[in-house]
Amino acid sequence: MAIRIFVTGGTFDKEYNEIEGSLYFKDTHLPEMLALGRCKVSVEILTLMMVDSLEMSEADRDLIVEQCKNTKEERIIITHGTDTMEVTARALGQLIRDKTIVLTGAMIPYKFGSSDGLFNLGSALAFVQALPAGVYIVMNGRYFHWNNVRKNRKTGEFEEMRRED
Amino acid sequence: MAIRIFVTGGTFDKEYNEIEGSLYFKDTHLPEMLALGRCKVSVEILTLMMVDSLEMSEADRDLIVEQCKNTKEERIIITHGTDTMEVTARALGQLIRDKTIVLTGAMIPYKFGSSDGLFNLGSALAFVQALPAGVYIVMNGRYFHWNNVRKNRKTGEFEEMRRED
Amino acid sequence: MAIRIFVTGGTFDKEYNEIEGSLYFKDTHLPEMLALGRCKVSVEILTLMMVDSLEMSEADRDLIVEQCKNTKEERIIITHGTDTMEVTARALGQLIRDKTIVLTGAMIPYKFGSSDGLFNLGSALAFVQALPAGVYIVMNGRYFHWNNVRKNRKTGEFEEMRRED
Amino acid sequence: MAIRIFVTGGTFDKEYNEIEGSLYFKDTHLPEMLALGRCKVSVEILTLMMVDSLEMSEADRDLIVEQCKNTKEERIIITHGTDTMEVTARALGQLIRDKTIVLTGAMIPYKFGSSDGLFNLGSALAFVQALPAGVYIVMNGRYFHWNNVRKNRKTGEFEEMRRED
C-alpha cells in the first residue's frame, strides 16, 4: 500500500537563514525525517509548493485538490502550515470522498531541535493507513474530521468545533 | 477515550552514565516525549519495570499480561525493548482479544538526539486509536499482527514472517 | 578568578514563538549552556538588555561601557548580536584598557539544535582567561582585536580589516 | 598559525550501535564539530587511534609522544578519553617543553545530543592559541598544568591536586 505525500510548506520545513537572521524555505525535510524514523512504509513524495499557509492562494488550494484527485494512491498525506490547514481540509473534504487524506504540520520547525514534527509525521503515517476514506487533520496525537475542526489561535492546538457524541 | 501506557524499559529509555561511560535506565522519558509532541490525547502512564528486553523474565511477561487484562482502558501502548518484543506480543495475543494493544520501542535511545523514538510514539498513539481490537507491534511506521512478525536481527527492522495476501 | 558575563541579546538567545511563527527573546540560555558544558569556572551573569544588535542604541552602548567599567571583575564576556558587535567593541576599546573583555555571539540560535553558540561560548571563556588586558571579538574559534575586525556581511564570518604582520 | 589535532578516541567519538545496543567507535566527529562551530582556524586533523582511554597501552602513549615531537606545528590539540588523560599528559609534559599541547575530551559522546564536547573543543582551540608552551588538560572551561591535575572519579570533573598560590 503506497502512500502519497504532498509537501506544501508550513512551519515543518522552515529554516533559519543565518546571514539574514530570518526564517525561510529551502527544501523539504520529509525524506530526512522518514529516514530518522526508520520508516519502511512505501511513500512517494512530491513538493507542490513551499509557502507559509497564511499566503496560500485559491489557486494553490485548487492545485492541491487537483493533485489529490489525480494521483493514483488512495492514501495521501499533505504537510501544511497550521494557520489555514482547516481551510484546505474543507476544500478537499467537499470534493473528495473516496480517498483517505491526512493533513498534518508542526508548531516548531523540524530543524529547530525540539520540534513536534517527527511525532506528527509518525501519527499522520499511522492514521492514513488505518482510517477509512475521508479527509482529516492530524495534530497533537489526535485526528479530526475536516468538517469539525479549528485551530485555537491562543493555544496553537487543534480542537473540535462541537463535541461529537 | 483514555489510553493506558505501560513502560517496561528498552532502548527507548536508556541513558548514558557519564561517570561509568555505560548505558543504564533511570526514569522514563514518555512524559517529556508527549510534551514535545504537544500530545493532547488523554493518557495514563505506569512504569511496570525498567529492563533490557533480553533480560525480561517469564514473571515479567506474566505481570505485563496481568496488567493489560486488569486495567480499565481498552486501548493500551506498551514501550518495550525490540529484541524480545515479538515474544511479549505473542504472550498477550494468545490471551487478550478484546482490547487494542500496541507494543512499540526504539532503535536509538530518546536521549541520544537522533532517535526514532518520537516517530514511533506518534505512530503507536495513532494506531492504538484507529485499529480494531488485537495485539500489534508498531515499528518503522508500520503495524504488524502479533502472530505474524519478527525482528530481522541483521537490519534491526521488523517484518512479516509470511506475506499476507 | 571570577568572570563577569553581561548578556545583551543577539542570535544567541533568540527563540521561536510557535503561536506567532516568529523569533523573539525570552530569557538568556547562558546558565543552561554553561551547565551543558559542565563549566566549573566561577561566573557571575547579568542580563543588561535583550535586543537584536541592529536595534542597539547609543544609550545601550553607554550602559554596556559603564557596566564594564564599574564591575569589580577584571575579565568580562559580553554576549552580543553579531551585526554590530564591532561597533560595541570599538566603544569599549577606546575607553577601557585595564580589563580583558571578550564579545561573542552566535550565527544560529542556541535553541535551534545545530548552533555554533556552545562552541563560541567555550572559546570565549578560554580566551578571556588567557588573553592579556584588551577588548576582543571571539568568533569562529578565533580572537580579533577591537580595532582590527569587521563582520563580512556575505559570509557571516569575522575577519581582520588588515592583515597584521 | 596552523593547529595540529590528534584524535585518539575517548567518549568524544563514541557512537551507539543500534543493532547491538552498545557503544563503539567509527570515525571521528571532529570535522563535523568544527563545521558546526563555523571554525575558521586552520587545523590539520590526524587520527592516531580510536580507543577507550582505559585500554590505552604504553605503546599507544609512546606513539602520541612521538607524533607530537615530530609534527611541525607548535600548537597541538589531542582528543582523549578522560579516564587516563592525566597519564598521557604526564608522559608528554616530561618530554616536550617547547610546544603548546592541550588534551581535551568529553563526558558525553558528541552524537548523543546534549554533549559537552562542542564546548570543550571551543575551549581547547582557544587555550591552545593563547597559552604559552606547556602541556595542559582543558576540561570544564578550565585549563590545568600536566603536573597538577587529576580526574575526580566521583564527580567526573578535573581538579588541581594541590592549590596553586
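We just call them A, B, C and D in the order they show up, numbering each chain from 1.
The working rule: a residue touches a chain if its C-beta (ideal position, glycine included) is under 8 Å from a C-beta of that chain, and two chains touch if they have at least 3 such contacts.
Bear in mind that the values here come from a model prediction, so they are computed numbers and not experimental data.
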| item | value |
| --- | --- |
| Chains touching both subunit B and subunit D | none |
| Graph distance between subunit B and subunit C, where chains that touch are linked | 2 |
| Label of the chain whose CA centroid is most distant from the centroid of subunit C | B |
| Same-site or different-site touching of subunit A by its copy subunit B, using the half cut | same |
| For subunit A paired with subunit B, centre-to-centre distance based on mean C-alpha positions, whole Å | 26 |
| Whole-Å gap separating subunit A and subunit C, where each centre is the average of the chain's CA atoms | 39 |
| Subunit A-subunit D separation of Cα centroids, rounded to whole Å | 45 |
| Residues of subunit A whose C-beta touches two or more other chains | 107, 114, 156 |
| Contact graph of the chains (line, ring, star, complete, other) | ring |
| Touch list for subunit A against partner subunit B, complex | 33-34, 36-41, 107, 114-116, 118-127, 129-131, 138-143, 156-157 |
| Touch list for subunit D against partner subunit B, complex | 11, 14, 16, 18-19, 21-23, 52, 83, 107-109, 111-114, 153-154, 156 |
